[in-house]
């Protein structure tokens, strides 16, 4: 396939896409864990907030989230900040807007994955941890979280694939990711099919790599299965 | 909640004092924003320098006013909020003077006049009149004067298609999905001269929508009159015509 | 900053026009998607390699790439080729409306096919054996037993897929269509009120997804009614079961 010298552009776009996906993953995991903790907490307000968050986000198009945060985000932030006496201009660029929108979306779905995983852990695990004299905090980090992790990884892997594909939406607000760079190449070469197909293949490679990585993580997170296989 | 509030206050305080420090040093400097993505008026060259008609006009105006200027690039969507938040003092970015914008910023006198023009494939026999365009598909970029003109004046007879980028509109013109494209004339002129614009041409007369391009400043800022006077001066002494000539073989004032 | 709520009321009729187009896109591509997904899922569930390979490739491509790429491939990509522009299909491919429907249908068919496949494989073997024992031919089994059962099993997951399709339909705005998102963006280009307009559009999306969720709950109830059936009086003995309730209460 003849890329007519635009290969380096697509590679730089791929790098941006990967950065965007990973940054959104990290922030999204924090949202997801917080959301799950809130949903399972005894605090009614926390439960209510978390339910509102997941219900709202799961019914809204990701593109609308990206557009709202990009075009309305600085307005909204400045409005909030002015309540704290801060009146300067706050700017939200495409990358930040993208990370914000994608991690909010990822977090809403991840909340459910973590919640399900946490509920799978039998109460006896908690009790035995405490019975061994561990503090609740230590029990959570030593006993519960590693198991939650193992149960959550397949679900999170799927969500990451969705996230990876959703990064393409951020090109609409001007981030120089794979999609945007393909469009730049297209405007010069007038070969939309060629370059969108190349973009599609790059995404396929990325999703395939993610599948492989998820399987690796499942193996890492599951010492029991690892041992038994020898 | 309390800690978040504290965090916000601290961030605000630190940022605020930084901004104040910056503002003090920048008192005598005029900071000008442009977009850097509107060829040939403002764009970025391969060295990352801002170039183009707007940039040269800005430099000429500063020379005329004997002011020290700093020209920065700013995304279009944030360009007016940035001005209002004192990130810079003026916008020279081919911005049309519109009623909506006048509600939030002031404008100097015009430094060029924008006209709209239809672009069609060479050999197309469409007459760009209300009758001639009846039932045709005409495109324009979303959120532009051309897009608004199409919707307001031809929306009842033509199928209007609005694109996210001008490039996508050009693509559809090439594929034959669009019978014509309505665009700001001068950037389209630049495109028609490039390789990509090969096979297309302007069709019919220009549409003068009385669209004047001015320099945006904050409401009530004295810079407005200074810029207006400087524009008058560079037009009178021929500096303007010299810059104009570099980009277009006809006057755009 | 000041909120301008009045613009929402002013432009509500146009937003509703956009919402209507969104519904239309979701409904039509949903129906075409199901029509494509059924044969695909039957092929996927088959045991012959070549029969499986084709739908596998198709599904892998459409599930592994962003919908935005797919919609651009159909809309801008197809027009790269002279023969497409000269074919009899061009009058259809020329219109963004049909390009959106083609892209959405192909996309949702890939996801639905996987849902249906796992539903088909979740049907208890006994039920199919029973059908065989009754002497049903393979096509009759598919029509009478496999598809209705698979549909019932897949319904909740399919409801989610429809919601995802609704969210994906916002991409129609990137190829000039004035769906709910496209309409909001066009209005914003004029009014400079992004927060208000996107908020209004967001509420309409939430209302539509609430509607879809409600619809699927209802369908699920109707379709899997046997699961919700409560015996009001337990038959006491075999005689009671043989008794015709219409004759002797």
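Chains here go by letter, A, B and C, matching the order in which they are written, and residues are numbered from 1 within each.
Here, a residue touches a chain if its C-beta (ideal position, glycine included) is under 8 Å from a C-beta of that chain, and two chains touch if they have at least 3 such contacts.
Keep in mind that what you see is a predicted model, and the values were worked out from it rather than measured.
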What's the overlap between the neighbours of chain A and those of chain C? B
By Cα centroid distance, the chain farthest from chain A is B
What chain lies closest to the overall centre, CA atoms only? A
If you tally contacting C-beta pairs, which pair wins, A-B or B-C? A-B
Can you give the whole-Å distance between the Cα centres of chain A and chain C? 24
Where chain A and chain B are represented by their mean Cα positions, the distance between them in whole Å: 36
Roughly how many whole angstrom separate the Cα centroids of chain B and chain C? 43
Could you say which residues in chain B touch two or more other chains, in rising order? 164, 168, 171, 174
Residue list for chain C, restricted to those that touch at least two other chains: 76, 79-80, 174, 185, 188
Hunt down the residues of chain A that sit against at least two other chains at once, touch-wise. 71, 75, 78, 172, 186, 190, 192
Touching residues (chain side chain B, partner chain A) in the complex: 5, 8-9, 11-12, 15-16, 19, 75, 77-78, 81-82, 84-87, 164-165, 167-168, 170-171, 174, 196
Within their complex, chain C touches chain B through residues 76, 79-80, 85, 94, 96, 174, 176, 185-186, 188-192
Which stretch or stretches of chain A touch chain C in the complex? 56, 58-64, 67-68, 71-72, 75-76, 78-79, 82, 161, 165-169, 171-172, 179, 186, 190-194, 196-197, 199-200, 203-204, 207-208
Write out the stretch or stretches of chain A touching chain B in their complex. 70-71, 74-75, 78, 81, 84-93, 172, 174, 183, 186-188, 190, 192
Seen from chain C, its contact residues with chain A in the complex are 1, 60-61, 64-70, 72-73, 76-81, 163, 166-171, 173-174, 181, 184-185, 188, 194-195, 198-199, 201-202, 205-206, 209-210
